[in-house]
Each structure stands twice: as C-alpha cells, then as structure tokens.
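Below: one structure, written as structure tokens.
Labels A, B, C and D are assigned to the chains in the order they are written; within every chain, residues are numbered from 1.
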C-alpha cells in the first residue's frame, strides 16, 4: 500500500504539514473523524475533528479537550460539551456581567464550580473586584483546564483569585464568617445521576446561598437549555424555585451555537433588578476592563425579554426543586 | 461548569488517567469520537477513536495514524483505511508467503509500493532472502511509517532492505541489469482518480513485470476486495488480466475484519503453482523465522478455493485492464 | 432467526403496533434509523427517524417528507430541512405577521415561493386580507405539500388564495396591472448552484419588487441563518442590499430548534416601521384569527433587538447582492 | 421556501418520481437517511436507506423491514440485522444444504425458529422432504415475514410445511411420538438478556435434541460470528458444547457482506460426516430443485476448512454452554 505512480515524472516528496491550511487536499481525511454528542437520545450534533488533544479522568468525571473544526478547542466532560473556544464568551459574558453590573459595587464573589476558569476570567475584568473564590470539587478538571486552556492562564495567575477544591455547599457552610456581593452558580447541568441537582434546590438557595449574600447581594446561576421546547427541562423550574426564595428574579437567555440551543441564566436578589440599557452600557464602560464581544445593554434587554411561548410557560411553572423532586436533562453522570 | 457535589464527603482527586482501565467510566467519552469510512457512497464503517496520533500530507496523499478502539492503531491514507494493527498480519501474510513458498528458493524480491514496511517485514522473515528492494513513490508515507509504526522498525533497519523513492515502473525499467525471483505488488487500490491503475494493466505486466522475473519467478499482487459482490470491482479483472500474460494464475482471498470485506490476491507465474498443504507447512517450518499467525497449508488451500459464485464470475470475466480501460473501486484520490 | 425461548411459559403473541407509544420497547429499533443533515461540511445535525413518509423529485429539486422523532414530520428539499412540524410556526409567524401588522390595512399579498403553504396559511389568518397570490416555480413541491401537509389543507382550499406555477420574477413582471400591500419572500436559501440568488439582488428589489408595492407597502423576506457566526453568510448582505433600496429596514431573528440555529428575516419599506409592543399586541387581537403560539409584541421587540455582535457586523456590512456578486451558504442545488 | 427561479424559461413540472432511476438527482436526499447498527459498542455499520417499509413489535421483539441501498430489503429485529435481500441466500444455503446432503435421505425436518421462512424455503427445495415443522415462538415475526417477504410466499404456502407458534424446547418435548432426520437451529443470536441461550446448552442438546433425532440423524445450528476475532464470542463455545454431545462435529463458515463479518454454523451427528466435494455436487444435482447460488462441493470444502487461527482456538476451547454459564455477543434483547 502507499505507492503511487508518478503523475509528473518527478518523484521528490516535499514535506507538508497536514495541519496548517490545505483544507482542499485534506478534506478527505478531515471529514473522517467526528465528535458526536447525543443532545437527546434521538438527536445528535456532530463536529468534524482535527485532533483529540488530551483526555483524562477524575474520580468524578471523564475529561477531554478536542480540537474541532467548526468550534475550535472544545472541553468535553462525561461526553457532554462544556465549552467551545469560539463561543464560550457568550456563555461567560451572560453568566457574569449582568449580576455584577446590577450590583452597585461588587467586591467579593463566590463561584460554585467554574473549574474551567472562564467565569473567574470574566469576573476579574471588573475593576471593583477585590476577591474571587472559585470552589470546584474536581481537582483534575481544574488542573486540566489550568494546563490546557491558554485563554484562562492569566486569570488563574491573578492574586485576587482563590481556588478551593471542595463541595460548594460544604465550603459555603464552612466560611461562616464570610459573605459575598455576588454568588455565581457555574455548575454542571443537573444530569440524571449527576449529583449537582442538590445545588439547585429551594432549601439550598434559602438556607445556604441567601444567608451568604450581603445586603443588596445578587445570586446568578446558569440554568440549562432555554429553547422553545427545551426550557421546560430545567430552566423553568430553576426560575420558579428561585421565585420562592428571592423577591426579584430575572430569567434571560442567549443562543450558543456549539450547544445547538438557546441557553438560560437566572439572576435573583431581594433588591430591585432594573437598569436601562443605557445605564448598563455606562457601567460597562466604567467598570469592565476591555470590551465585551457579545453583551451590551441592548443585548441584555433583548436577552431578558423572553418569547411569548417561554414567558407563558415560566409564568405557569409550578414545579419547585427539592432534594426529593429533581428534574433532569438528558445524559448520564458517572454516578448514575 | 465542572463542579460536582460531593457524594461521599471525600474530595481528593486521583491523578488523571485517561487510558488505563476505567472502560466503564470512560465509555461515555470514548464513544463520542469516531472514525468514519465511506466504503461505498451508501455504506459506512465507523470505529470509535481513542485518539488521533498523527496527521500529515505529501504531494500525493493525506496520511493519518489513528488509535481506534476496535482495531488498534490504523494507518489511513486519503481517508481510506490502509492497515490496522490488530489484523494487518492477515493481509501481509497472505500477500507475501504463498509466492515465496511456491518458489523453490527466493533470494531477490522487488516490492512495488509497500511504504508501510509490513510487506518487507514479512519477506525478511524468509531465511533464503538476500535482498529486498522496496520502491514507493511517496517519501512522506515511508518516513511517516518508519517513525510511527513500531512493529516495522526492525525491518526498516534490516541491511537486506533497500528503500527507493521512485515510481515502480520507472525503477523497474531503470534496473535493466537486475531481475527478481519474486515481484510483489503492494499498491494502493486503483481508486478513481488515483494513478495506480497504470500498474495493473496487461501491458505493464507483459512488458515490465514479466521480463524482470528470473526463470521460475513469481509475481503476486494485492487485488482489492474479493467479496461475493465486491470481487467484480477489480479482483476479477486483475485475475483475468494476469491470465492473459502468465501460464499459471492463482487467485485467493481472506476476510480482513477492519476492511469489512474479503480481500483478494493473485499469484502468477509461467512455472506450475501446485503444492499440497503438507508441503507448504513443511516449507514454512524450514524457511520462515517465527510462526505465522494466520497462514498455514490448510488455510491457503481454503483461501485458494473460492466460492461457487466468485469462481464462476472469475471464469466468465472478459475485461482486461489497459491504460485505456481501467476499472475503479469507490473513493477519490487527490488527483481526481 | 427470530425464535425466542419462552420466558414466562405462555406463548401467545399479541399484535402490537410499533408506531403508537412503547418508546421503551422500541428504542433499540427507533434509534437505528437516522436523518443526517450536513449543516456545514464539518457540522452535522442528526434526527432519529420513525419513518420515511414520502419521497419525490421534480425537475428542480428532490423532495422528501420524513417522520422524525425530535421534530415530527419534516419537509426536506435537496437534502436540506425546509420545515419541521413542531417548530415551523416560529418561522412562519415571524415571516408573515410583523409586516402585515405594521401595515395599516393589508389587503393584497404576493408570496414569492412558499410552495409549502404555511406562509399562505398564516397570511389568511388576517381578517383584512382579500387576496393572496402564491407563486412557486415547482409544481411538484406544491402538489406534494398539498397532498401531504395536513396542517395546510384548509389554506390551500381558501378561495382568497391564488396558486401560480411560475418564476416569481416573470410573474411579477407579467402582472403589470397589479400591485400589493405586502410582498413576502419565502424563497429557498441562496444555495451555491441554486438559482434563487437572482431574487435577492439590489436590481431585483429596486426594479421589480419596489414598483409592485402600493403606497405604504412593505416587503419582507426570509434572510437565512442569523446566528452569531452564521449571520455573515447571507443575513447581513440581504440586510445591506435592502438598505440600498428602501428608506426603512428592520432585521430581526429567532431561534428555530430544528435548524440548529438562529434564523433571520428582513422587513423593508419607504414608510416608517415603528410600533410599540402594545400596539402590535392590540393589532394582533383585532386582526388575526386565533392566537399566535410564538409571536407577540414583546417577542418582536426582542427579536428585532439584535445582539451587539450581530448589530455591529450588520452596521459594517458593505457587500451588496448583485447578479455578478452573490454570496452563498453551504449546500448544493441540483443545478450546481 | 421551495421557490426556484426559472433557469430555462420553461416551468412545466414533471410528475413526481422518487423511486425509478434519477439516482443522480436523488443522491443528495438518498444519502441523508441511514440505518445504523452497533456491531460492537465501538464499531458501527451504516446503510443508506431508501425507505422504512414496515415496523412492528411483538411481546418479545421489535421488528422492522427496511429498504436499504447497499443490501436491498433488510429484516431488523431488536435493532439487529437478521437478513438482507441481497445476501440471505448465503446464510440459508449454508445452514440448510450441508446437513441435508450429508444425510442419506432426509424426510422429516424440525426447524427451531426460522420465522422468516427462508430456512423452510431452502429445505423445501429438497425432493426427499415429506414434512418440515417450523417452530417459532413469535407469531408477529412469522406473520410479518409471511406478509412482507415475497421471496418466501411460496414456501409459506407449501403443504409440507407445518408452522407452529411455540417455544422450540416445549414443542420438541411435547412431540414425544415424533423424531426427525434433521433438526435445524435457526435461532436468534444468544444476545445478552435474550433468552435464546437456553437453546444452546449441553443439556438441551443432550436431553432434548439428540433423542429427537432418528438413527443417522443430523443436527445443524447457526453459530454466530466466526471471524478471526469474533469466533470466540459464541462460535467456538457452540462447537465445543456440541463436541461433548455428538461423535462427529463439523464447524464451517462463510462471509456474509451485510453482517460485516464471517458467519459460522456447526453440524453434528453420531454418524460419520464425510463426503467429497464431488459427492456433494452429485447429491445436489440429484436432490435439490433449482441451482444454488453460493454453495457447491468446493465451496463447502473451503467453508469447512477454517483458518489456522480459528482452527487452533476451536481446538483449545474448553468452555461448555450450560444454563449457568452462557456466553453472549454484543446487543440487548427486550428482556435484558
């Protein structure tokens, strides 16, 4: 195998690198390796692969860093895409900036999860921030991302960032002397068999999170898929659960291409959450180093104005998360 | 993302371990990366991937070395599987040993192609061999396999092996002083747009190959798929073309799991090609270092006894390969 | 094959229909048939299939009606999903209602394309409508949808609907006596090799469409993918091209799950296009029979407030569609 | 959607034609629907689909008849391919004819399973046959195949065929007055969770099958994959188990393209099983109506001469099937 008759009478094989450029000549090969994610058991989303950069496993999760053609480097945990190089900025700008901007002057922030480092990176762009505690249970994920996610190297080196390896609930309980201006929930989706649902319950919000917020403090959490069909999986329940605990609750959403869906976040506080697009833009200019790529005032007013379908179904949601009655999205954790 | 509540109250992360064991825990991940080969435009064969070890490209072809779960390391050229770690021994034992065993005492062998090195490896196991010339046009493929195919490292270092980078036809013509006991055709399949078909034609066999064989010399070539349906793609034509040029022609075949098909070879000579299974076994013991994994006398008598369907269709084949009228199998070469 | 030992000592095989319910027992089978769409050459979107309901072909296009598990019945033309039962209402409510509501009192509407019938269906819900001309070039598509898309049967029977089989440009030119309150562009995407791009050019808008609009008339067209990355394929150019021709141009977008992307539309007129969410809601109640599932005033204000990323890139778009310089999205039409 | 500008100024649509010819124009569509079989959890085999002809379910199994492009109509049970139009003749000629030809004059045959009807079809081609009892437990499968497998309609109408819906073991025990010249095992593969393994055990062969064979009677069974790797799944164990019960045991195999593997059968008797290829050919001409497509004397001598690898591993197999210790191949039955 391998021999090829000479088309041009000249036989010198030039050394050519298969990675840089040449999309024409390499198409045949490039399209033969694929990453395949089962979004639902009857729905698949597949990316052509350039390479499998790293794989690993912790006692909790399997970890992989893939180089995909459509979305660049992609972090995959337990076979589910967590974050893709080309569009993670949408997720992280939406998770972090609204809560910090709505707060008059956020200094201390606690991140539940966020081992990837991107959430800390966005938080640390805020000039008002003195301290960020990032509490992720999975040391391997943190080390994996520290080593491989170049984009977050600077954040991991920032002296304002304290990285703790622990269960978020245990850590929050332990820090009885501390409280925070903003608490950010950057947790794995409440996958069937995954243990995260304990951190999405009414009792957790009421007895652990809320007491740890300072006067005027804000809690924000990622809230799973928020598409016209998928929002009923967990988004509407997380919203309704927070509605039981906080006076003011703001759900919002944005499309994340690599997730093949709209994603949702919910912001909650006992202080009013209303700022005009103009005020948000002003605070961004004043407080945030560098410029956002996705989020500005208008974007947020659009993101927080949900479609009729989703709005109605959030209004009508009656389910409240408790440890006894959790709802799950598709997928299986290692402890399933 | 990434945080996981503590299921057991203990938070020490074990060191990253993506490879050894844990097949349960890693299944989720492992099954999400796939190599996909289009065997026909309406037929696909897909292997779960552990990793993409190396990729490269030459002026002729794209090259990749994949680590697949079902078949181990796999060499892929232009998006077509060439050779898989777990079963390449079937292909190479079948290509090499029958011709060398039928020959009374083979000393000099010329390989057309064979850049992978496995054909040379099998040839060099024969104690009678003084010299093997391996002539592959693609220096990149040769260097790639030299560097990455551990199993052939020893063969590439064997002083009896001469590696030439050239077109096989040009090289055979150039060596007007030399002739060979056995000539082995280990060429890429005559893919539509690939240039190899020139080395499967009656004129090539008649005017280039045959004159280079010594008295009693034998020519053997891989002959493409030989399944009950696929044998008409090229196998029957290669057989019929050789039948026009040599007195004795023996077609034979074997199943190669990673190819998802039966594969064919054709052996041809102007001296009779008949040995009993017992005589073959005897010569193997006498001449071959180490033991074959696949081929012995009985295996060859079975391999060279084709099914009724294939036998009839070979007998009735009228097509002869000429440069004007080549037949192709599915796929597209870079020069298509 | 097929025999199964008796697990419970009773052997009566009850007749069970494989289609209704039983998702448990049928999962094995159901997940083994898939519809696969190549959204980009390196990105695939796959739906498990219940069945392939109908297939057909016209001189222009290949047509198929599939029963998919995630999105119900799906109309596929030339291997690209056109419309899915579960979410086509999003596309068609967004295409039709904003333009009709912004118009003070729309009576006559011309649809370019729309052979599926859903656009006509939405138009005919407006009490002010006297006449709808639907002009699709592909009689087979029209007949196919008439026969198989139950949801549009009533619309196809509505006496206010005139169905014409012709090229939209030719038809508009021929009807020199007529003009319209609203013209709707419901054309196939300007696929590479597809001929539709002729109906997305500045000259077409300027010399064919605009002259056919009555005083205060509005033109609206579907405008392809409008995601944070995909909007540069055609959406931004269609917007910029219309901006050359009309005084007021409103781009808006919505997520359509079955497309795995945000979709875009552009509305254009020489009369101002500004109504509050409340006015839109009021007009909906007054003019539209039945209730929208997706669109209301707030939904439209959100849909027409694009994200910072897309807004900036639309503002900066300089490309104008002309017959000489069209831009294409991925895919291949039959005339490629 | 759907409108297409007129490329040639003529707009007459030809009548819908999704089936006959037009393979060019329909390729785009045809390649977008696929049947996917998971041969191993890390190995997939995918056929492009023309259509899904029928689906059904019984209390035991899910049933589907697919029209595949590479292998024609395909019967799929519990998501595993059972039989494909283009190559089922290989499986059924190999299952039926050797045993019947080795028998001096077979009159009565009992089929365990075989609900598809193809095994009966091949048996009934033998002029010596007076009676065939086909005992399949799944009435739905039998009715499904009766209605849809045109190729077996004649066999199902043959008055020599008695179709019984029952568990094969129960039925054989019940018929204490009857005995057979040949008993054919055409059972579903012993899938993990499937109940068939009970019909592959030593005790079943010894106490149920053997006593039901007349003097000189022969038992033959399909024996699962017999590839160079896959033969250890069940083939070698079935062989070794029968070796404990019968004096003469002949394993043989053949490649079945649609299975992407070599398949195995085992023939067993207390009377010698040796006939030359010539004698087999003679008996075929004398006893079988019509001509075999795959099997003749030479084909069988090749099929019953296993490769060195498989031969050695069968010789060394020590595992015996008992109800306590069954081995399984990949897949999951409904009762898993």
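Please note the rule applied: a contact is a pair of C-beta atoms (placed from the backbone, for glycine too) under 8 Å apart; a residue touches a chain by one contact, two chains touch by 3 or more.
Because the structure is predicted, anything quoted here is derived from the model rather than measured.
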| item | value |
| --- | --- |
| Same vs different contact residues, chain C with chain D, by half of numbers used | same |
| Between chain B and chain C, centroid-to-centroid distance (C-alpha), Å | 51 |
| Where chain C and chain D are represented by their mean Cα positions, the distance between them in whole Å | 48 |
| Rounded Å distance between chain B and chain D, as computed from the means of their C-alpha atoms | 32 |
| Residues within chain D bordering two or more other chains | 31, 34 |
| All pairs of touching chains, each written as two labels joined by a dash | A-B, A-C, B-D, C-D |
| Partner chain B, residues of chain D touching it in the complex | 27, 30-31, 34, 40-48, 68-70, 86-87, 90, 227-230, 254-255, 257, 260-262, 292-296, 298-299, 301-303, 305-309, 311 |
| Residue ranges of chain C in contact with chain D within the complex | 1-7, 11-19, 22, 25-26, 28-29, 31-37, 49-52, 54-64, 66, 75-79, 82-83, 112-116, 135-145, 165-170, 186-188, 194-196, 198-199, 222, 332, 334-335 |
